[in-house]
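Naming follows writing order (A, B and C), and every chain is counted from residue 1.
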Amino acid sequence: MVATSTLLIILELTGTFVFGLNGALTAMDAEQLDLVGVVVLGMLTALGGGIIRDILIGALPPATFRDWRYLAVALASAVVAFVAGRYLTRVMRSINLFDAAGLSLFCVTGTSVAFAHGFGPFQATILGAITAVGGGTIRDVIIRRVPTVLTSGLYAVPALAGAAIIAVALDLGIYSTAVALAAAIVCFAIRLAGLRYDLNVPLARPRNNKEATEDLDP
Amino acid sequence: MVATSTLLIILELTGTFVFGLNGALTAMDAEQLDLVGVVVLGMLTALGGGIIRDILIGALPPATFRDWRYLAVALASAVVAFVAGRYLTRVMRSINLFDAAGLSLFCVTGTSVAFAHGFGPFQATILGAITAVGGGTIRDVIIRRVPTVLTSGLYAVPALAGAAIIAVALDLGIYSTAVALAAAIVCFAIRLAGLRYDLNVPLARPRNNKEATEDLDP
Amino acid sequence: MVATSTLLIILELTGTFVFGLNGALTAMDAEQLDLVGVVVLGMLTALGGGIIRDILIGALPPATFRDWRYLAVALASAVVAFVAGRYLTRVMRSINLFDAAGLSLFCVTGTSVAFAHGFGPFQATILGAITAVGGGTIRDVIIRRVPTVLTSGLYAVPALAGAAIIAVALDLGIYSTAVALAAAIVCFAIRLAGLRYDLNVPLARPRNNKEATEDLDP
């Protein structure tokens, strides 16, 4: 039990750190923001998913404000990105890797936290996926991109896959560190495959353009 | 009493379904999203208003996560839109009709739920209108449109009108199924009139453009 | 004690009023919205920060819906802006002054409320700053501007400075009306200096543009 919750906090803080790196580096790329902008967008990306989860679960105030380590780690990640951004992106090749890592870790922790608050496996899976995609969605809305969760088929799907593994394992009583890591790896692998091979789920058949335009007129 | 709450859940789930159709069809029109994008935007539109309401009321976790039917209906609406989108839009002529229907149903249920949680008629009216416009506002922010509630005069007004009828009826103790349906019809009729005749409330007098531009400089 | 909470509510309602003016005038400038749009954006700007604070603190329903004066003052500010907008902007020269005033008042009240709910000085400072920047951030997201908190270095910084003064004073037990006003003035002065002299915190070093573009590809 102690081991499980130690694992959980390690995964949470690691996820917070990598999401913070991604958000801060996004701020440096996309908008040429100053230090404060980089820190703010890094922290929003790092902490957004967990805050949304805790609000929906009703676990208020969110863990972010109950445990100082969340704020400290999020702040540290943004500062690291600000100072070492050029080096980090050269080593990692793509800041999407940080996002994929955060996605994988947060679908595991989000589902576990929801389950611990008494949600059934179906709801816990949805809440886990919301935790995983929440921070990146806030990031995208704030910098005025269409959120990745809408445009990239393999963003919600790996989050749901990882979350479902955790939810089933918890429901069957076979949750362990190995299961947690396996779920994170499954999510990470699907996300990476999607990024590398530009895989997607079926596209909606486009409707007649003229119709579509008319429909959108208010 | 049982009848009232049965009515409430029927109106809620119907509203969820039509908002889900609208959100999913919007995703298919506006952004050529894939299946996951369509489902995500459909579910956000369908469930967003109720989730905002439950957060503001403090009824956490939101009904969306306490009652599996909300998630199921929202998911179903998005799948129906994905499969039958072309047919649906041909029959309905405008996807705004779905939005108007959701608006009408959610202003009724949102006000009722707020009243049941002890809010006075004024606050219940505001919360009912927020429930009604919330899902569409989230939809618009996510796909980067200026929200309908800002640009279309007769969007907040019919929601407030329907909500006020319910709040007054509940306050006077004369709430009934007939009142609920009447309020929904009033809201729907005002919204449709606004859409059809392009009715609007008074425009703000434009200020001198040069001034305005200067003021907006940060 | 009575005096302190009377002071708090006066500062809150004054902050609500000036943020409402700013939001409503922004709506009139930026988007040529009608009366309803002006009122909605004014109220969102006025009430958004406090609502976010109360959700994060877990003080639900938010003060906005527990005390009718918030809704009334926010509504009044939007109506005043709609009626007297041209006159107001001529006298004040820049609607950013209203925003700066709201920022200064809300960092004081947000921190005080967070402290009263048992948060430590560090968390109370963060929550105070979130209260201060929240309404303007919602306003910017809704009208599709990159939020001021990201682009203007001296927006979060003055809010954090004012909030920190209050948090330290409360922690040391030396909080008084004079301290509250001093913190607000410090915040206001820093914000104004930033606006007037276009001061900023250090810019992130731009990375190689080609790299950056590749990284952003999903």
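Here, a residue touches a chain if its C-beta (ideal position, glycine included) is under 8 Å from a C-beta of that chain, and two chains touch if they have at least 3 such contacts.
All values derive from a computational prediction rather than experimental measurement.
Chain contacts here are complete: no pair of chains fails to touch.
In the CA-based superposition of subunit A onto subunit B, the rotation angle is 120 degrees, rounded to steps of 5. Subunit B and subunit C have CA centres that are 28 Å apart.
Contact with two or more other chains is made by residues 55, 60, 141, 144, 151 of subunit A.
Every residue of subunit A that touches subunit C in the complex is listed here, in rising order: 25-38, 40-41, 51, 55, 60-62, 65, 68, 71, 82, 85-86, 89-90, 94-96, 141-144, 148, 151-152, 195. Within the complex, the subunit B residues that touch subunit C are 55-58, 60, 119-120, 122-123, 126-127, 137, 141, 144, 146-147, 149-151, 153, 155-157, 200-207, 211-212, 214-216, 218.
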